[in-house]
Each structure stands twice: as C-alpha cells, then as structure tokens.
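Next come two complexes, and both contain chain A; in the first it sits with chain B, in the second with chain C.
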Partner chain A sequence: MLRLPTFRYHRPRTAAEAVRILAESGPKARFVAGGTDLYPNMKRRHQSAEHLISLARVEELRGIDGDGPAGTCTIGAMTTLREIERDPRIGAWYPAFVQAVASVSSPLLRNMGTIGGNLLLDTRCNYYNQTEEWRASIDFCMKERGPICWVAPGSPRCYAVQSSDTVPLLCAIGAEVTLLSPGGERRVAVDDLYRDDGIAYLTKRPDELLTRVHLPASGAWSAAYHKLRRRGSIDFPVLGVGAWVARDGERIADVRVRIGGVGSMPIHATETEAMLRGQPVTEELVRAAAELSFKPARTMDNTDSEVPYRKKMAPIFVRRALSECLGL
Partner chain B sequence: MAAESNGAANQPGTADQGYYRHDTPQQDLRVIGKPLRKVDARTKVTGRTGYADNLSLPRMVYMKLLRSTQAHARIRSIDTSAAAAMPGVVGILLGSELPNQFGILPVSNDEHTLAIDRVRFVGDPVAAVAALDEETAWAACRAIVVDYEPLPVIGSPAEALATPEPRIHDYGDEGNVHKYVNLQFGDVERGFAESDLVRQDVFFFEGNTHLPMEQHACLADYDKDHKVTIHSSTQTPHYLHKALTKVLAMPASNIRVIACPNGGGFGGKSDPFNHEVAACAMSRKIGRPVKCSLTREEVFHCHRGRHPVLMKAKIGVRKDGEIQALDFESHLDGGAFGSYGVASTFYTGALQTVTYQLKNYHFRGARYFTNKAPCGPKRGHGTVQPRFALECLLDKVACDLDLDPAEMRLRHLAKRGELTANFMRIGSMGLGECIEKVVAGSGWKERRGKLPFGRGLGLACSSYLSGAGLPIYWNAMPHSGVQLQLDRSGLVTVFCGSTDIGQGSMSVLAYVVAEVLGLDPMKLRIVTADTDLTPVDLGSYSSRVTLMTGNAAMQAAERAKEIVAAAVAEKLEVPKSNLVFADEHVFDAADPSRRMSFAEAVIAAEAKFGTVGTVGSYKPPRSAARFKGGGVGPSPSYSYTAAVVEIEVDPETGQYTIPKIWVAHDVGRSINAALVMGQIEGSVYMGLGEATMEESAYRDRSHKGKRVFLHNQPSMLDYKSPLAVDMPEVVTYIVEDHDPNGPWGAKEAGQGPLLPIMPAVANAVFDAVGVRIDTNPITPERIFAALQSKAKGGEARFGPSDVPAVAWPEPRVVPPPWEGGDGKEVASDAPAPTRSGGKG
Partner chain C sequence: MSPHSESPTPAKQLGVFHVNGETHEVAFAPHHTLLEVLREDLGLTGTTHGCELGECGTCTVLVDGTPVLSCLTLALEVAGGADGDPRPIETIEGLADGPNLHPLQDAFADLGASQCGYCSSGFMLTANALLRDDPAPDRAKIRTALAGNICRCTGYVKIFEAVELAAARLRGEARQPARETLYGS
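Up next, the complex of A and B:
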C-alpha cells in the first residue's frame, strides 16, 4: 500500500532552529524540503523517519541573490526548481544550469522540488525503488533491510545510481554549497559532496543542513547538460552528462566532464579531460577524447534502458555536450 | 459457396423492417452524426461521477488481499492467528472456504478466489482480511504466515514446453500447453508453388497492459434479506454475475451486480476478479458492507493484458503482390490462468483474412501457461500481434517486389460482401478510401523513400470486429437488450445492461432513442449496468456496444414510436404514415401546424393502450464459419483503418521522435463524430505507447538456488507509457462506408484504430534508416542494435530468429468458399472437394 507512515512533523522558522530540532530528535529524524523524493520513498517504506523537520517555513533558505559575473550568485536550498528555471538572471548567467533544472521530472514536481533536495536526492535502483510488497517478494536488498545486492550479488557494496540532473552540471561548473550543523558552518565543492557508495552516497553528515548553493563567476566559460531518458518528461536520467569548458582562444584551457546516472556518484571522465586540456579545438580531438568516457561509464542493470546501450551512449553524449560547449 | 441468410431477419422488426436504416441520408438525421456532448459529460468534468471507489455505506469495512510472494509454490500451511488477534480486524477469509472455481470462459474455469493449495505467480491472492480501516487490514495481511514449498518456475513458452511437469494447471492440451489450434483453409503449399516470391519472417510482440486511470474497486453488501449487492468497476457485469452465482453458490436472483462508470477499462476489467468475489464472500461472512480498492501494483497483478506472442509468418505472393498463401504460427505466453486465452489464441489467427484477398491460409497457434500475471484481452484483443507481423511482412514484400506498399495493398483489398478463406463475411469495406486518405494527407507518393536519411514514412492497415458474433457461454438469447419506459411527463427512460467505461455507451443509447423519437438526448434518463434493473447486455468488450445496443435501442424505440403514433394518428385524425417525430413533437408532415408535444402524445398513448413500455434486442447474424474454432472472428461487420506515421530517427543513437500521424478509420457511420475522433485519437495514443515503450517485462533472477520471477516495474513511473508531451500531431479522417448491419450503418471505433500504429512505426523506421525492427516495442535500443549489426555487415534487423518446435495436432481442414467449402471441416485425409471456379 502506498500510504505515508505516521511521524512527527516540525515546522521551524530559522535554519538554526531546524538544525537544533534535528540534533535533539535522535537518529530517526530528517529534513524535508519539497518532499518529492522523500515522501514517495517513505510510502514505499525504503526511507523512514519518526521526525520530519520541514524547511518550508525557513525564509532564509529561499531565493536567489548576488551577481553572476562577480561570482557572488547564491541560491537558497529551499528555492524551487521552477523558480530557478524561470529566473531571468540565472537564465542569462547560467543557461546550462537552467537546461539541467528544466530537465528534472515534470513541471508539477519542479513546482515543489527544491535545489537542495535535488542535490541530496537519494540514489536509485530498480530493486530498491519498488513497493514494500515487491521487495518482500524478491527479498530485500542491502540498501534497505536485506543482506545482498541484487545487481551485483557477490559485491559487498551497493551500486544504486546517482540520479539527480543538476548534480553532474553543478559538479562540472564548480559550484559549492554551505552546510550548517550545531558545530558550525562549512563550505564544500559540490564535486566533493558525493561518495562512490549507493548507501552512504553523501559526504554530508546527517546532522548538516544544506543552506545555500554558490555558483562560480559566470562568463569566461561555457557548459552544457545532456540527458538520456525514455520519455519527454518525468523520467529520471539514465545517463546525464554535465560538461564545462574554459577556452583560451582556439585552445581548451580547462575542461570538466561529469557523467551522471551511471554510478553511485557523478563519474569524472578524467581521461577525456586530460586529452583535451591545453589542446587546440578540433572536432576529431573532441570525438577521440569523448570515446575515452566509454570505460569509466560503468553502467549496471539497475535503471531503465539496457546496460550496453547506456554505456555506448556515454561517449556520444559526452561528445555532444562538449561540442555544444565549444560551438562545434 | 454457402449462401448465408442474414440471421437477424428471424428477429421481429429488424433488418427487413428497415430498423437498421444504414442508408438514411445524413441530412435527414437530427442527432445521429452530430458532435454532441456526452450525456454524462457535466457530471464527469465536475467530479461528481460515482466511481466504485467513491462509494461508502454505513458500517462499511475495508478489505485487503494478501498476495503470493512466490512465483510458483505449494502452500503447506497458512497461519492467521496473529492477524486475527490484531485489534480492528473483523474477518479473515481463506481459499478453502470458497472451493468453487470461476473464470471468464466456460472452458477455463481455473481460478480460485483465494489460492487453496497452490500459488501460480507473484501477486496470486492467498488470503483476504477485513478491518475497520485499510491500514489495519494491510498490516493484518502481512501478519499472516504462509509456508510455501517452492516449485519450479516456468517463465516462458520455451520453458513451458521443456517442463511438462509440474503442470501449472491439471487441464489443457498437454503438459503446460494450454491450447493448440491448427486450422487449414486451402492448400498453402500449392499457393507457395504458384508464387513469384516466398518469404518467411519471425516476429515478437512483447506483452503490455491496459493502464486505466482508475484502479479496480468494489463495494459488496450482503443484506438482511440474504441478498448480495456489489458495485464494481467492471466492464462485464453480466459475466461477473454468473461467476458470483457459481462461487458463492447462491441463486442468481439473490445477487445484484451494478457496474459503476469505469475510469477506463480497455479490456482490463472484463474478467470476474478475485477481489470482487472475495468482497461478496467476506460481506456474507461478517454481515457488513465490504470495500476493496486495489493499489496500482495490484492492477498490474490483475493484468489480463496483451499476450506476449512469438510469430512465424511465411507468405507467398505474385509479382503484383497478390497473396497466394499465408502460413502463420503464433505462440502465446498466457501467464498463470486461462482468462480469455483460448479466444485470444484463435484471435491471433482470425483476422489476417479480412483486409486483403488471401487464397490459401494455414494457421497454427499455441498458448502456454507460465508463472506470470494472466494475460487476456486488451484493446484489439489477440489481433494486434499478428497484425503487427502481417503489416511488417507486407512492407518487406513490397520492398522485395519494388512496389509501393500503399498501391500493393489497394490492388488486393478483400471484397465487399464476400466470404474470406476462413469464412468471415465482409460487409462494408472502406479500407481503400482509408488508404487513399492517409496517402494523400501525408504526401506519401512524393515523400516516401525520398526523405533524407533519418526521416521516413511508414504505412499499415488493419481491421477489427464490431462485436463478437458469439457470446462467451453458449446460449440462444440476444446479446443485448434494451427496455424503454415512457412516462406521461414525456420522460423516456432507457434501461440497458451495457457499461460505460468512458467510451460513451450511455450517450449512444440516448442518441439512438432520441433520433427515433425526435427527442433531446440530454433529457432522457439512462439507466445502465444493473442486473436487477436492466436487461442483459453482454458487456463492454469486443467493440460490440454501439452496434448491438444501438440496434436493440433502435428496435425498442421504433416499437415505442409505433404505439405513440397509433394514438396520435387517432387524436389528430391524420394517417399514421404522415406522422413525423421531431423537436420533441409529433407532426403531420403535410400540415406541421397539426401537432402534439411528445408528452401529450405519450398521454394519448397511455390513455389508449395503458402504460407504455417497449423492449428491443439484438443478436448477430449467424456465422458462415461452422468449423470448430470458427466461433472466434465472425462479427456483424468489420471496421477498417489505415495509418501513416512520420518518424525522425537519430541514426547515431536510435532515439526517435514521431512528429505526425495520419489515420483514417472506416466507422461505417459515426453516431457522434466527436466521440469517434476521441476513440481514434485515443487508440493512436495507446498504440504509440505499445509501439514505442510499453512492456510487461519480468525480472528473472536466481540466487543460491532460489529463482525469483516477478513483474519488473509494477508502477506508473517505471512501466513506461507515453506522456502528453510525447503525443504527436494526429490528422484524423473519418470514413463512412455504411454497413447494413449497424444502426444507421455504424461500425466500431474503439479498438481498430490502434492496430496499424505499431507496424506503421516499424515500417517508418525502415524508410528512415533502413533497418527492420521485428520486435515490438520498437525501442531506440533495438534500432541502435539493428543499426550496429548492419554497420558490421550483419542483418539489418532486430528480432527473434525462430519459434519453438512444436508437435502440432492434425489440422482441421476447411475448404475455402471458392473450393466449394461450406464452412464445415472435412476429414483431413478426405480428398479435397473439386474446385468450383476460382475467386478473384
């Protein structure tokens, strides 16, 4: 059945209060933002909480501030994806970010879903994102309750998939976030927020509240996000490539490529990047470099679409994202 | 040639008395053909329609079913003690309390309400719990301990053949083969010998499901008079009534079935279901009303969707594309129960003959039991998969012969008024006009084969029944009955057992009666689908309702008109033949000032004859197919459809978009053009879902010697079905080749237009990038695989390579009409009757 379990619902007004309530509520407490990830997961009983600390009323977590070219643009964690998508400043300074945001789920879900929630989205897997009845029939897996991993039965770890659309892009462009806990604040690169483990997929501690996203100075670089999914809306990425290129005339000064949807964290296409860095821009080079992303895209049989297909699509999507950045 | 008389002529007041009126010119009609709103439209859009899940009764309790977690297992024991002890639990029901079996077809009554000693798929119901609230009922279900002894899992037709024991059921043709069919019409070997081109292809059509918006729900109430009333989202209240009578072992007269408006059905609500029977039994057991609403996951378990079918088709044609012979083989993965499966098996061979002339035809079909949710009828029942194969095959033939696929089809259309090789009678036949429309609309002649690489056009055609010629259980009674009550206020109430599943059948009743009696259809009262109040209609399946209830309603209305006209003629002193019924009045055609309002006319009639009420009924004409198995396929009339799909394929990834579709459907006559358009476009949408992504796929894993086998994605997020954004522009043409058997010439529109979409997509892919996708759905992954295979010098194709080897039973040999056949089978070793002139 798909009903929410019972829980206590808290409505703090400030970030400090939210962090305090969480710390006082014991281990079975969580923040909830738009709830578009957490509530469906709770209905299917693969995530649980006795206390939910809603961030909906925390005004300081909302809104877009600062100046893109000056490198001071920040977005509150509770800003909805829809607000970002529609913001003319973000559209002008960070069009690739809007590309990624607009590809998340559907318009209705973007009205509720927040950027904070999107960055912290639970990893996904065909054996995990199922009802309790389904999981009981096949037997529960390691990520929730069970002993084994159905995707890789011999493996000691979980391979659930990083499935947020904004993550590969924000990693690639070098965005950062602020995390707040009773012990104080820290700022980390989005690139450093994730771990290669489907269960403990975040480096963020459970008691930390994500308060703001900091975007890099806009202007001297270009970026792109290319997503593979079955339908024109709603579907999670089964492959999502975020690419960032800084040019120096006809040369590629620096480049970052992150591949989402094919691992428990965004995959760094390091060999692709190394081949391009410092080189003159040519179509052949981009093609050859993109081919090198085939190997690191280790697709597993736990999303929609087929394993070899997703793997073979990775270099194509990487090439297309890079070509878009380079105007090829 | 068997000269079959129109069987309907033996009914009072039907064709011979002009009740079908297929030739009435459009300008003489006031209601029929107009795009009026549905009679229940306002209730629907204002959210006041009483779906089954909206209902509640005082003291009502909630029931949940515990379903099997095992794909195939013996039940050693069931311990309900913990569940029974839970506060709030008011009743527990086990299979042993309901030993009688049920099932939609009399030949496969193989279902228990709750499993007794065996479970056959993950999702098979095992126990039912009623409680004061749904959460408690569910928690109590989970507290029931079932001890299972696993049995070998049978996951596919190949495994069913390889594993005759253990049998999933102890009936069927052999081992785990549910049914074999072998029918031979003419001599295919001779046909192949006389052909210029013979080719054979193997196709696979993956199963998919109906996905109605409304999840099944019911409310059962066993009252103090020992009568049970069930409200349910069912398409077939009459068949549910029969099943309940059998399982509850109660007289039919003590059971009342009311079909609520369905929030979509598409065939998924046309079997009697476990939860319906269990709710009635539970209500009887505990003496309280019992509500049961299924979750989406449970709807996937109820299934009865499209069978996965593996097909081999060998065709022989002359240089101009004329089909000399077709040898067709289908293997149906039936799932765990019979359902409509025997009929589905015959349907995979029935309608290959009604679109193009076909001289020699051989059909073999086999249905297998597997440990999956049971398959059954989905929109286009059983004819969809072979149509995919046939239309793809014809496209290949046209390509081999260097012919235009549209021209080739046009040249060899089946002929109006003729009997086909398998004794289906073609009535009206507007396929030619349909093809011409989509060819002209799409710019086919100028654009096919000439678009840049990556873009293409594909064409396919199809046909579907306007109602099955035979009922599901053998009987000689009408298939549809309508009763009219004329009140002295002028109100006409129409009673009919038909079920509105969103298709507009209530509206059709209103339009038909309103047309005949000159009334406003919005002012009639329509009472439907209540076994206590309404005469039997067999149900909303096989596209039968408009034709059959339409004819029955027309007959009832004509009879009412007779009575009223007799009284008015006397009152106004005008000859009866001069009277016209229109604008809620009865007029003298010669002098319209001599008139009465309809209410006054009813008063006159009631004064003269007493209370005014009439009945009408309909039974299809007798079929010419007299051989065993010939009961599946005959219909009063066949609808026809042609479609052209335009596609844009990314040759590097196989990803594609469909910018536009042209579809033309021969509906005979549209009773309501807006509803017909809605059905056509809805069919296109559903067909596109099947063509592009929908798959009822199974997860098959083994771990430490245990095999788990269950539905891959029983949710609306992961069972991929297209969204509004995925819907292309559709250009719809309504073709009206009035059929003598339909009310004002009407045929079906609800299923036929779905059929050509899948093959048209496959054919368009070929035009765009030169690869054949012989497996449906036609996914980007499959296109990509075919393109890669082609690039590496392999087959430019994705599809299965062969079908399982089967020891077929001896064929039933039926000489086609042009070989002197009379529709009956002859002994297979008997010499074929001498040929009496060729056909065509």
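Up next, the complex of A and C:
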C-alpha cells in the first residue's frame, strides 16, 4: 500500500477558525479541500503536512450564489467541480467555464475535487510526480529536496507546469478570488494569482485561504476552452487554451488569450491579442493572430506528449478557441 | 533531519462507520484512507486497491450515493463521532440482496463484462449511481459516467452492454442480450 504519512488533523467549522489554526500551527500546516491533488502528492512524499486542516465541514465555503448577468455570481471555494458542472445557472451564464470544469480529469475526481483546489493545483512535472523511490533513484529535483532541475539541468529555476483546466479560462474571462488571512480579506484577479516559477507558482501567501471565486457579469462577451491531452477520459492538459472576446458589432473590441500547460503559469498570448484588438473579424486575421502564439508557448520535455507537437498545436488550439468565441 | 521524517504512528481512534446499512465501531489510524479501513479494519476486501493515487477507479465506493475514490478519502471525513453522524457508504458487498445478485452483477457475469474481475466492483458501483440518477442512459452517457474507471481486459464494450442490459432489467423490461453480444456476429 502507498500510505499517507502521519499528520495532526483539524476540522474547523468556519473560515476564520481555519486561518487561525493555520497561523497557530507553524509552517508545516496545510489546508486540504477535496484532497485529489494533495493526497497523491503526500503519498508520493513530495508534499507534506504536519498539520492538516480539513475544510470539509466549513459550510460557508460551499455553494453558488448571485446573478450572472448582474455580475454578482460567486462560487464558494469548496464547491465541487461536479456541483458546478451540474448547476443550470452556471451552465446558462458561463458555458465555457462549464466546458473547462467538465474537462478536468474524470467524473470520480470531479465528484471530490473543488474549484478552490483546482485553482491552486500544484504544478506538475515528469520528474516530480513520481514515487519517492523513483525520485531517489536519479536524485531528487529542486522542487522537492534536491539541487537540480532535471528538465533543464543548467537552470536556476524550476519548470514544473501549470496544469489546471479552469485556470486559463478563469484568467481569460477576468474572474477574481477572495483570499482570507488573519489580517483580513483581499480580492485579486485570477490573472494575478500565478507566478512564472514551478516552485513558488502562486502569489497567494501561505497564510491565506482562498474562500470565493467571483465571476464577471455574463452577457456581452463569449469565451471558450480547448484542451489537448492523450486520453479524453482523464488526463491533465498538455495544452489548454482559454479565450475571451468582447465584440463591438463586426469588430473585436477586446480579447484575452491564456495558454495553460506550456509554462509554470498561464501564458499571455500578448501579440495575438494586440493583432486582433480593434480589428474587423475575419477568418484570415484570426488565423494570422493565432500563429503568433507559437513563440510564447515554451513547451519543455516534462509532460506527456512530445515537445514539438505540443508547441505546433498551440496556434491551432488558439485559432480554434478564438473561432468558437467569434462564431467562425 | 530530512524534510519527511515522520512522527511516530499516532494512536488509533474510535469512529463509527455506516457501511451497506450496517453500523461498525472501528479503532482506526487517523491518517488512513477509507480504502485502508474498509479492507484492513473491516475485512471488506471487495473494494480493490489499484494505483492508490486516484487514477484507476478500482477503489470506487459510494458516499452519500455519490461515487468517490476510497483511496483519496480520509476515513476521518466519513466516520461519525462526537461532532456528527457517519456518512452512508456503499461497497460491492452491499450490492446483492442476500442470495440474489443485483441486476448489474448478473449482467456483468452473463456478458463477460467481468473478466479478471479486479475493476468490476468499481465499475458496478459507478454504474449503480448512474442508473439511480438516470434509469435509461444512452451509450454516450454511460461512457462518460464510467470514464474514471479503467479496465484492462474487456475493451469496455462488454461493460457498456452489461450496464445497458442491467438498466433495462431494472426498468422491468424482460431484455435478453443480443445474439452477437454473446456469440459474436
């Protein structure tokens, strides 16, 4: 059996109690939501916790509230991906979000995994997501215990990969999150939640708890999520494109494209966006703009599938996502 | 000190588990998963352990009627104690009604949907939750619902056919398997 290491278990009833326990428990304390990311990582001994603070009974972190068109729709961080997928309001207001949620791993994991956990998913790497014995056999990498990056041995930084499906989409549509700490609450754009570093991949401080996701007013825009993976039934994305377009008649008023699975944070396709902004919608323009996403998609040899293939697929998936947004 | 030096195994604690309609008081290790408690403390070895990392689906059980992976469910989260009632758990051992097999079990046996058998309990529990939700799912919906359960023997077609046959029988239809399902075309 691949068993969990031992830990002290806490079960707070409120978010305030949860952040207080974390603050009192020292640096080796962690929150756990659905456990579908943390428990496998703890079993393989690449994440650890002396104190495990379960959010399972914090009722205030559950549920979907508000009104999409009014811009007040919020989702509690402990809401499961299954609940979001099956909620008729979210389906009507934010179909692209449901598309992204429904593409996360398998139905069984979506029954357990939460939206908060999916936003904070640990970065992944072929040299990291392995058992302790496997990693010990070639020596540990810098993301856990070791001195070196096995993907880029000369590198001073870690290149583990952003692998959540909901992240590129929620960045693209301009969603926000609330973070709670003993010092109070702050609200940040999902787009500002990530850093380009495989180890310190979040701007969230360790003492902060992600409590709510805020979706923008639905209506005068469209979005799409397109995912590349080997098996349609379960795999993490090796490429995940989130696109958002606001139209002004026949022109593109504004556009955002975020590419997941090709870097330690969602990559901004800034040149693609700049070429499209303010321009009349044509298939040729979308095709040409999508080509500009080839360069920023810096695929490395640390996920499933091959590096050149994933890189070549980036512009194709960007074009498909933009075309879906524009009805082309 | 290595970053993963582990503290000594903590004392077992008492908890109440509600499994297949029966209540069990169990002394279990607080860092153990539901899979470990079912197999090692309760002796219910029909729930099989595969990858133990949430990828294969063989350890699927129902908690509150929803299929979840027992290898990633902390036993503490479903046990009852001072601060709440136990959550109802269903395992493969609870599927048959005394000596009478559940229609899913009959159909899996009749159609060769269970070959080596290792994944079968997970498949049948996931399928059972699906059929409670939708008594007449089409093939696409069955495929999607079972996407988290992996089988290396059957190629899945026999499993999909067995779920369809069981669904028909649960709806009260006197359905027999198609000839090509049993004998090939």
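The working rule: the second predicted complex is superposed on the first by the 327 of 328 C-alpha atoms of A that agree within 3 Å, B and C clash if a C-alpha of one lies under 4 Å from a C-alpha of the other, contacts with A are read in each partner's own complex, and residues count from 1 in each chain.
Criterion: a contact is a pair of C-beta atoms (placed from the backbone, for glycine too) under 8 Å apart; a residue touches a chain by one contact, two chains touch by 3 or more.
Please read these numbers as outputs of a predicted model, since none were measured by experiment.
J.: Can A:11 be said to touch chain B (first), chain C (second), both, or neither?
T.: Only chain C is touched by A:11; chain B is not.
J.: Taking the superposition on A as described, I'd like to know which of chain B and chain C A:3 touches: first, second, both or neither.
T.: both
J.: By the touch definition at the top of the document, which applies to A:234: first (chain B), second (chain C), both, or neither?
T.: Touch status of A:234: both partners.
J.: Quick check for you: in the superposed arrangement, does A:112 touch first (chain B), second (chain C), both or neither?
T.: After superposition on chain A, A:112 lies in contact with chain C alone.
J.: For A:45, select first, second, both or neither according to whether it touches chain B, chain C, the two together, or no partner.
T.: second
J.: Quick check for you: in the superposed arrangement, does A:181 touch first (chain B), second (chain C), both or neither?
T.: The answer is neither, since A:181 touches no partner chain.
J.: In the overlaid three-chain picture, which partner chain does A:25 touch, first (chain B) or second (chain C), both, or neither?
T.: neither
J.: Which residues would you name on chain A as touching chain B in one complex and chain C in the other?
T.: Common to the two interfaces on chain A: residues 1-3, 106, 232-234.
J.: Please give the residue numbers of chain A that touch chain B in the complex, ascending.
T.: It comes out as residues 1-3, 106, 126, 129-131, 133-134, 136-139, 148, 150, 153, 230-235, 304-306, 309, 312-313, 316.
J.: Mind listing the chain B positions that touch chain A in their complex?
T.: It comes out as residues 64, 67, 69-70, 122, 134-135, 138, 295-297, 652-653, 693, 699, 701, 703, 708, 710-715, 717-718, 720, 722-723, 725-726, 780-781, 784-785.
J.: Spell out the part of chain C that touches chain A in their complex, as residue ranges.
T.: Spelled out, the residues of chain C in touch with chain A are 2-4, 6-10, 30-33, 36, 49, 52-55, 57, 60, 66-69, 72-74, 76-77, 83-84, 126, 144-145, 147-149.
J.: For a test of understanding, state which residues of chain A touch chain C in their complex under the given definition.
T.: Interface residues on the chain A side: 1-7, 9, 11, 35-36, 39-40, 43-45, 48, 50, 54, 56-57, 82, 105-109, 111-112, 132, 145, 232-234.
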